[in-house]
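The structures considered in this document are given below.
In what follows, subunit A forms one complex with subunit B and a second complex with subunit C.
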Partner chain A sequence: MKKKDNITAYLFLMPVTVLFLIFSVIPIIYSLYLSFIMWNGFSINKKFVGFNNYVLLFSNNEFYHSFIITIVYTVLVTTLSIIIGMILAYLLNKNIRFRSLYRTMYFIPVITATAAAGVIWKYMFDSSQGIINKFLNFIHLPAVPWLSHPIWVIISISLVGVWKRIGFNMVIYISALQSISPLYYEACEIDGATKGQKFRYITVPLLKPTTLLLVIMSFIDSFQIFDQVYVMTNGGPMGASDVLGLYLYREGFKVGHLGYGSAIGWVIFAFIFAATLIQLKINRKGEEVY
Partner chain B sequence: MKIYKKIIMHLILALGAFIMVLPFLWMITTSLKPLKLTYDSPYIFPKSFEFSNYITAWKSADFLSFYKNSIFVSICITLGTVVLSAMAAYPFARLNFTGKNFWFYAFLGTMMIPFYVEVIPLYKIIEKIGWLDTRRALIIPRLFSPFGIFLLRQYFLTIPKELDEAAEIDGASKFYTFWKIILPLSKPALASLTIFSFIFGWNDFLWPLLVTTRPEYTTVQVGISNFSGKYGTLWPYLMAGTVTSIVPVIIIFLLGQKQFIEGLTVGGIKE
Partner chain C sequence: MKKSIKKLVSIMVFVVLLGSLAACGKSEAKKSNVPTSTTTETETKKSEKVVIEFWHYWDGNNGKAAEELVKKFNSENNDIEVKPIFIPGAELMTKLQAAISSGTTPAVAAADISSMANLKASGKLLELDNLLKENNVSVENFYPSLLEYGRLNGKLYSLPVSTNNLALFYNKEIFKKAGLDPNTPPKTWKELESFCEKITKKLPGTYGFEFYTQVGDSGEGLTWQLQPYLWQAGADFIKDGKAAFNNPEGEKALTFLTGLINKKLAPVGSWDDFAKGKCAMVVDGSWMVGIWKDSVNFDFGTAMIPVPEIGKNATNMGGEQIFAFSKSDEENKAAVKFITYMVDTKTQIEWDKKTTFMPISNTVAQDKDYLEWVKNTEPRLQPFVEQQQFAHARPSIEAYPAASLAFAKEIEKAYYGKVTVKQALANAEKAVNAELGK
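Let's turn to the complex of A and B:
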């Protein structure tokens, strides 16, 4: 057994541990406590209400509405950004001209602030001034109410989400592709496989662990959407884009339902956690089949 | 590859890339349009160069002060995160101590907890200690980065142990090996984390939105969002403001693209 360096180790860890306890652990415990009380944040009167906040939450139509549109957004963004990201990675992993220029162009939205991106896209989607509708008009198509129609608004914010994620998925897929041994492809070529078959039967299955990772990451991230929607629609029109993050923001910070707001936070956590476990489980089942 | 296939591939890639950067192109073009031309038919590449839009935008909202705040806050977050994460990563990579696994998994575990769980109590804590509308509130709660600790630990593990052992035989202290051997050899990972933290700090939105209300503590992202609410249809000014809010991050990214992407793939894939 090697000797221990407890004192040195804890000296190194101390600053981070203090921050961790004050700004992560205490808020997490406090949040759990808050979710069991009724409190407006100011009065001394805090009432313990047990699971009442959660019961209220699950009997509130506004909550179900937010929950459903957040899921629709998450599924759309995850699926589209992963498919497009994988195809791009496949194309840009080849030795082609302008490769790094393409990669940079596809990646730039990833580092753009979501708030700033929201402002730009609000302008892109503007029904009369936006370039998209002006283009549709130019090719004699009817204008689309991107941000003013309850269904289109979900599609619009999802498009922004996809636009922001493609580059990230692409980069991760490229690095995964680089670790696939060329031997697999050579073996296939001997058997006379076409390009499409190679992509379908070698690339996609070998990228499966990466896909799983990206699905989980994208799911966790997208489910917590806030900035773009806050800037682009603030939940409108008529609450049609009122995602869970906005709902929590309003209940917790504008209305002052601290307990109820915290309960929303925990439901978001529980859902993300459950979704992650299910995705891991489905993946394991898939492996047994092979 | 056959030549026509190559052309088709380039067409698809170029069209896609064009769509990706179109919002930026249009933002720049609009930001340089004279206000009276806003309602004219659109064009994608700038024709007129009304740089005074930038001055107008900066004057009508206090962008100078937003900028100062964002730069100060982002730099502090970056320095703090890199230094503290490196200090925490070192014992996890190199030292043998009681509770090593416990702390490691406790730190990583908080990555699973969404910010929404913590945000209300965190706000209450900041309010209670009187930090609302201060720069401290924007910086200190953001310095604990499980991602940073994990990224650096992974990198430290790739440095051959023989190097520290040799130094220890020569009588070097743990602190000396950390400072003089591990850190200088970890420059690429430290560079990645530097870029990540700066971009994170610069782009942060919800937290600054909550803890700052006075304009003198507003950061660029919240500033641009408020500006958009106020001058929502004066597109040239709004776009001029948005350009200035994006430029620093684009510059940092283009300078450190290689480190940034490497950091991303290490953090994302290798476990």
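Let's turn to the complex of A and C:
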């Protein structure tokens, strides 16, 4: 009887497992293999070069440049989207009018296709024709070179990243807020705590596990950014928004450095893996103190 | 009872998934029994068609023209059916790469000339020499510089199917408003610059001239727009396997372009201002005649690219090559028959008229009908036709895409004023040579 049960379980797991093997595991192993060879994707000659691709990568300034930009983007998006998402969730968890309308509004960016959103933002950010600069002009503020200045461009793409993530963070926070027992707040009120104190000493600490989850998810997601930058700036101006994903794409698929591109991919993976472990560890240490 | 249903469902799901996976891999039917017309059973042998796929990236007007040509071929050949499949330009090479490694290549494809070095190196292209002879195609007809892209170790793997070059476009209405003669485009670099000065002075907010200044997707946009000026000034891009632009001639070319940006006569970082009517002149390809004639709301003219005071005419040659992947004998024959049709003078004249591409062979270039058509219907193609003789070919080597990107990255810094012309060229030389040495 038990064995039969197992067979059914395996059969049910099989389709996903097969797809996972074909579309994830095999390509991952293949890309690891690729990162040790020099190959342009077409030629019959594949040259085994050992760790040479990685050596080249770590001695290339462009890689560090892309790495720093990606980190800046990731940190900006993660912190801002979590802070704003938490505040929104706190506000929209109260009994206000049109509550579900607001929730829907903030969630729409999450389900919008990134590429489509990127194109629209690109038009809005246009320095001469864009609606944002036209508005700034209307209220007598100077125009901002959103996508054509090396520093502004990072801020602009980060803003879009934040805009895209807020809704998701908000929804997760709302469900977490609803699981906080009102007893805590009541106890606080008896002790005479203000609204701000309640938020600071009850809400925020009790949301900590959720925050950790969102930090990790947002970090992993943002670090792999590609499509949004691809449609908005394509890495420009002058490589100022050349994030790692884009660097990988150009090297691997556009100019025929397939091995080098795979090496970039593996460095991205290793970094995300290490960063996630550290984040988990920091959190566990925090728990011990309590 | 319940368990057996569960099991049945899971098995069914599994089988369906496997089936769909298998279907992914086998998209190409080798043969199908498509009846050519209302055939009786005795005729089934005759009605067996060879179905082959033709991948290309021509969109819009050009795509329509390509499909019409294919349709005509299909109606003329009862035993072959060519299925044209459009793949966006940015994806074609990635798709072909995947197709080559999984063995699901199309029978015929057309790709940019700059991609040919990589495609030939795959070892999967069909050798055309003998099959072309069987079809009585004399290769000598095609321009030698175009034919060069198809050759590897003395064998021929592709034929030119279209070509184009870069020339100057100018907005006649802006010329009039700036007090310039709308029928006298600039002929020299100096004239170009003085025209720009007049235009920007008279019409603030309008640029005089624009060229591609961003690295973008692959760097090639910037590189291919800059190369004509290098050649005009007497420098080269790659010569004898080495970068050949870090010299006084190269400096002269780049100084001319950065000068236009520094004097605010040309924009940096933006592109397509010409089509929006915000820039008076641009250097672009012949195919833009066909696109802009219907899509811009101003009158424009064309001219050969202005030359330096001491220098020569030059332009960059673009275009596509058509080739077949080695498959079964039957498919190979069908593929070569289709290629033969596509490069045939008659087809080419129709093709060039519809797309405003340039002639690929002398027979087309000297065809009375074609020349008459240019003169009467599309005189704006005249400068391109005249320029074809000065068109330079980009080196057909596997390292070219990487070299082009390395070059563009360094030159972009000069356009943005971050480094001097001398530094940019020296850095670019180093970067390009590094790619060539790999």
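One rule holds for everything that comes next: the second predicted complex is superposed on the first by the 285 of 290 C-alpha atoms of A that agree within 3 Å, B and C clash if a C-alpha of one lies under 4 Å from a C-alpha of the other, contacts with A are read in each partner's own complex, and residues count from 1 in each chain.
In this text, contacts are C-beta pairs under 8 Å (C-beta built on N, C-alpha and C of every residue); 3 or more make two chains touch, one makes a residue touch a chain.
Worth saying up front: this structure is predicted, and the values here are computed from it rather than measured.
S.K.: Pick one for A:Gly85: touches subunit B only (first), subunit C only (second), both, or neither.
M.R.: In the superposition, A:Gly85 touches no partner, neither subunit B nor subunit C.
S.K.: Once the shared chain is lined up, is A:Ser262 touching subunit B (first), subunit C (second), both, or neither of them?
M.R.: first
S.K.: Contacts for A:Phe168 in the overlay, against subunit B (first) and subunit C (second): which applies, first, second, both or neither?
M.R.: The first partner, subunit B, only.
S.K.: Touch test for A:Phe253: subunit B only (first), subunit C only (second), both, or neither?
M.R.: both
S.K.: Considering only touches as defined above, state whether A:Leu19 meets subunit B (first), subunit C (second), both or neither.
M.R.: After superposing on A, A:Leu19 lies in contact with both subunit B and subunit C.
S.K.: Touch check for A:Thr8: first (subunit B), second (subunit C), both, or neither?
M.R.: both
S.K.: Of the two partners subunit B and subunit C, indicate the one touching more residues belonging to subunit A.
M.R.: B
S.K.: Identify the partner contact of A:Ile96: answer first if only subunit B is touched, second if only subunit C is, both if each is, neither if none is.
M.R.: first
S.K.: Determine where on subunit A the residues touched by subunit B overlap those touched by subunit C, and list them.
M.R.: 4-5, 8, 12, 15, 19, 22, 41, 253
S.K.: Show me the residue ranges of subunit B that touch subunit A in the complex, using the header's touch definition.
M.R.: 6, 9-10, 12-14, 16-17, 20-24, 26-27, 30, 38-39, 41-42, 44, 84-85, 87-88, 90-91, 95-98, 100, 103, 106-107, 110, 112-125, 140-141, 143-144, 149, 174-175, 178, 199, 202-203, 205-206, 209-210, 221-222, 224-225, 228, 233, 235, 238-239, 242, 245-246, 249-250, 253-254, 257, 260-261, 264-265, 268-269
S.K.: If we count contacts the way the header does, which residues on subunit A are in touch with subunit B in the complex?
M.R.: 2-6, 8-10, 12-13, 15-17, 19-20, 22-24, 26-28, 30-31, 34, 41, 88, 91-92, 96-98, 101-102, 104-109, 111-124, 129, 131, 134, 163, 166-168, 171-172, 175-176, 210, 213, 217, 220, 223-224, 226-227, 230-231, 244-245, 248-249, 252-253, 258, 261-262, 264-266, 268-269, 272-273, 276
S.K.: Using the touch rule from the top, collect the residues of subunit A that touch subunit C in their complex.
M.R.: Listed in rising order, the residues are 4-5, 7-8, 11-12, 14-15, 18-19, 22, 38, 40-45, 148, 234-239, 250, 253-257.
S.K.: Mind pulling up the subunit C residues that touch subunit A in the complex?
M.R.: Those residues of subunit C that touch subunit A are 3, 6-7, 10-11, 13-14, 17-18, 21, 93-94, 97, 100, 118-119, 121-123, 214-219, 269-270, 398, 401-402, 404-405, 409, 412-413, 416, 418, 438.
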